[in-house]
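Below are two complexes that have subunit A in common, paired first with subunit B and then with subunit C.
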Partner chain A sequence: MATRQTQLLARALMSPAVILLFIWMIVPLALTVYFSTLHYSLLDPGSESFVGLENFEYFLTDPAFLASLQNTLVLVGSVLLLTIGLGIPLAILLDQPVIGRNVIRLMVIAPFFVMPTVSALVWKNLLMHPVSGLFAWIATSLGMTPIDWFTDAPLLAVIFIVAWQWLPFATLILLTALQSLDEEQKEAAEMDGAGALSRFIYLTLPHLARPITVVILIETIFLLTVFAEIFVTTGGGPGLQTTNIAFLVYSQALIQFDVGTASAGGLVAVVIANIVAFFLVRIVGRNLEA
Partner chain B sequence: MARKVTGRHVVISTAGAWIAGFVIFFPILWMVLASFKTELEAFATPPSFLFFHWTTENYVTVQERSDYLHHALNSLIVAGGSTLIAMLIAIPAAWSMAFSPTKRTKDILLWMLSTKMMPPVGVLVPIYLIYKNLGLLDTRTGLVFILCLGNLPIVIWMLFTYFKEIPKDILEAARMDGATIGRELIYVLTPMAIPGLASTLLLNLILAWNEAFWTLNLSTLEAAPLTTFIASYSSPEGLFWARLSAASTLAIAPILIIGWFSQKQLVRGLTFGAVK
Partner chain C sequence: MGRITLEGVQKSFGPVHIIKGADLDIPDGAFVVFVGPSGCGKTTLLRLIAGLEDVSGGRILIDGNNVVDVPPAKRGLSMVFQSYALYPHMSVRGNIAFGLKMAGLPKAEINRKVEAAAATLNLTPYLDRKPRELSGGQRQRVAIGRAIVREPKAFLFDEPLSNLDAALRVQMRLEVTRLQKQLGTTAIYVTHDQVEAMTMADKIVVLNAGRIEQYGSPIELYQRPANLFVAGFIGSPKMNLITGAEADKHNATTIGVRPEHIGIVEAGNEGWSGKVVIAEHLGSDTFLYVDAGALGTLTVRVVGEKRLNAGDAVMLRPEPSRIYRFDANGNSMFA
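The block that comes next holds the complex of A and B.
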């Protein structure tokens, strides 16, 4: 029987975590809100003054904002398309009777465990370098002109790097879901004469709908904040071509030292992330009931 | 297997899967190979795949020129410290939510999850300024603290989903036998929870080891873990590919091994139990 004492104890056990997370959520965010209403530059300390919503106006009308919003959307969208588009066939392939499946699984998962700075620099130098990179050599061998990735298609290069990092995640989740698909259903469909394609469309895809949703939501949350890959490869450039919202806020804060505008930008990023989070929390919450 | 599986089917899917696996793994393999080349060979066109002069001098250089071990130790302290502290805070919380749930437990859990969704750039400015004023910039303490808070929601969630699977009857039996809550926790719950604790520990160790937003922004040299250390190869040392590869290989090797062991828990942990 849960006595009053037990309940008190339960509350006491929970409080450190709750209090810490509460402070972690409220204090910095409140400070961001406060800073976002100030004219506040680290280069000119002591000159802080209240400017109302001016920083937001400045941030949102800055051409850099629209460019970075567009880059963010293209980056998130393309990586989602690539990881799910390649993840589904890959998961189906790994779900087949395959010799040495465990080894293949390890190879497929590996990129997820590589720290972002390493994957970005290995891709940038060893693979995508326009003269000595492996891709350049392959292109030359095939009689084509090597692509100068980080000059001619910098955003695409970043997209490939990030997609490589997240493909294992999508594949692993889809594979886990596939393995829980009822074998008998598949057999029944086969007996009824359903071909491979219709079995995929009417049986496999509906079964994957939920895990695909989960992959989309979780990846989106992480992809909205891609930072290290841009930081070590392009530094947001050339121009603004690879600047996403996260990088724009960073550069306003720690390169231009404009605390006010960076705070306003940070809040814009929070709003965008919250829209996604809203849906994820609802899905996970529904699962909690079951 | 009940379904008929033809030999041809196995051969085709095996070949396809091996090719796909190899292509995905290739960048890592290529990096490991480059780490055993000389700088000239690492940069050479056409590239040599296996028949080059194998050398381990890059590994020596990385240590001598840039004190690799110092940064590896930073990574170990920051990732290990933040994970352990997060576990200490999370275990009692997850335990009480799993075994003495109230009406608000679900809301509290979802609220904790939502703190993880706040983009770090949203609070970069205040955290940076607070750290600057407190002298926490480029300190291991500062990094431990922030990574601990960042991963706390995931730790609590993972532990909660594992604890929930422990049958409650066992606890009731222990209570009937007169066990106090403290004893219940130590003698009944802990042994049953060890697998869940271990996988939570490992997954969060991986996440903290690879964390590259706060580490890049809050550390420069003294406290720089491997993420920041490797990033320093992006500028002046960018031309030393073999050295970069050696440092990178060392940086990812331990985590790759841990990761391979905990791959099953990965799905569960990162989907907050939504996919099992």
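The block that comes next holds the complex of A and C.
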């Protein structure tokens, strides 16, 4: 691929795809930037006017912003901790030779294929419902008072639901990594007198450093934008207790019909995602360098 | 001390019998090589001794104590793996020190022992490197360092040189042998390469299909092979095996003559006449593959350069005292 012709040909052949993707990205971004500088309310059509950075000021000084930023970070952090903290032991269990291993693996992966709205509804109505839910039944049959999850611990409930959905992803990535751990290294450690725990700490965990990084980076991208689970279960409430940035942008646009502020919020969310990504890559990204 | 004794050791994986009863006595300080073709069970036997596999029957004694129920770490053996199995995220120092660290030795002592092992193996300049920054031979040395630093009762080597190139293999062969003699520690070494076996071993165990065919010193195996399998396996190029009328003359079912024990004589003398099919000129030796009619194709080794080419007619004469005789069961008959 060194000659000038092949380089030119490659560029020419790739350009339609690249140009299409570029337009796909730049048009919505440009429109969002444009809307964010307008007074643009759907309740008052025809009154659009240029207001400069007022939408940003309004969005950033809104008390809901800081609350939802905190909720976003708590949600992302907790789900990461839960999926990796449970994913590692689960992956190790699934790596053991047991009867029906393939069926068990399939069942473990299953939650990942359930769409977020459906799984949120299942959790809301079948599991966490304070009267008819499974958890309530367990609590009452043990003589305890059922927890009303979405009133008493709404953010925790959302965290559980999202973690349940992402646990299979983490488990799967970690399981494939475990399977590539050299059998002879484990045996060498065994000969060296390392017990199961030492082998886990000195051999398995370092081997898993890279897949854990991958899980953190990929999950973070998606967890910053969790929406369906909140919309279906709590609607951001009670109060602002489960409102994250994505949900706040939604409520500005389609509950308060303020497109201008919602666009400003969208751009703020982009900046926040980049800040988070920057720190993540600084902290864990060096694991990806071979 | 490191005397290892096997008594009727068996191993089956399900219905498949890998080791069909092995009896062996390895004296302290000996360098014993397990050799045999692929799938003969030599690696399995080594792993049974190491404790990485459980025996299905029989006893393994180390210094007189039965260790079949003892976990690998407690047997006091150390192993060098075919893939080296170095811990990739630890430095050379970390790799060598790992066993000592697990044993809970004080830091200063670990350091002293690691430095000593590294000095023995010329690894001192590389102590802080990661395994991936080392060449194949250096990795091999680290694996050996990890084994010697624990001062085990015996070393177990599982085809450790098979991933090295030919020149390095010869060099490492010498180093391993020298190191073992210097330390005086019992060593069991698995290989499929009979040259490695012959050059390194004090005693060789020839394995075939899960059975020990013969146990003896290299020269014993070469001069007095117990059966057809050992006769064919030990020696390079392989022994010529002849059946039929020629064997009947010696009152045997099969006779064997090594290529180096066949001479070329002038035409007209008594002998086996044949035609050269291929001549391999190595400089030091010439290997001739001779079509000898009813006797089949015979391999002949001639010392030095012999100006013979494909198609030349030759007259072959085996040294009468060097003809091996085998009975119908393939066992040797010595006069």
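Just so it is clear, the second predicted complex is superposed on the first by the 260 of 290 C-alpha atoms of A that agree within 3 Å, B and C clash if a C-alpha of one lies under 4 Å from a C-alpha of the other, contacts with A are read in each partner's own complex, and residues count from 1 in each chain.
Following the convention adopted for this analysis, a contact is a pair of C-beta atoms (placed from the backbone, for glycine too) under 8 Å apart; a residue touches a chain by one contact, two chains touch by 3 or more.
Note that this is a predicted model, so its numbers are computed, not measured.
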Partner chain(s) touched by A:P63 [first = subunit B, second = subunit C, both, neither]: neither
Touching partner for A:G46 - first (subunit B), second (subunit C), both, neither: neither
Touched partner set for A:V18, first subunit B, second subunit C, both or neither: first
Contacts of A:E187 with subunit B and subunit C, given as first, second, both or neither: both
When both partners are placed on the shared chain, which of subunit B and subunit C touches more of subunit A: B
Which of subunit B and subunit C A:Y202 touches, first, second, both or neither: second
On subunit A, the residue positions that both subunit B and subunit C contact, one per complex: 187, 190
Touching residues (chain side subunit C, partner subunit A) in the complex: 50, 52, 71-74, 77-79, 81-83, 85-90, 98-99, 102-103, 146, 150
For the subunit A and subunit C complex, residues of the former touching the latter: 182, 184-185, 187-194, 198, 202-203, 206-207, 209
In the complex with subunit A, residue positions of subunit B that touch it: 1-3, 5, 9-10, 13-14, 16-18, 20-22, 24-25, 27-28, 30-31, 34, 42-47, 89-90, 92-93, 95-97, 99-100, 102, 106, 108-110, 112-115, 117-130, 149, 152-153, 156, 181, 206, 209-210, 212-213, 216-217, 226-228, 230-231, 233-234, 238, 241, 244-245, 248, 251-252, 255-256, 258-260, 263, 266-267, 270-276
List of subunit A residues in touch with subunit B within their complex: 2, 6-7, 9-11, 13-14, 16-18, 20-21, 24-25, 27-29, 31-32, 35, 90, 93-94, 96-101, 103-119, 121-127, 131-132, 134, 136-137, 140-141, 164, 167-169, 172-173, 176-177, 180, 183, 186-187, 190, 210-211, 214, 218, 221, 224-225, 227-228, 231-233, 245-246, 249-250, 253-254, 259, 262-263, 265-267, 269-270, 272-274, 276-277, 280-281, 283-285, 287-289
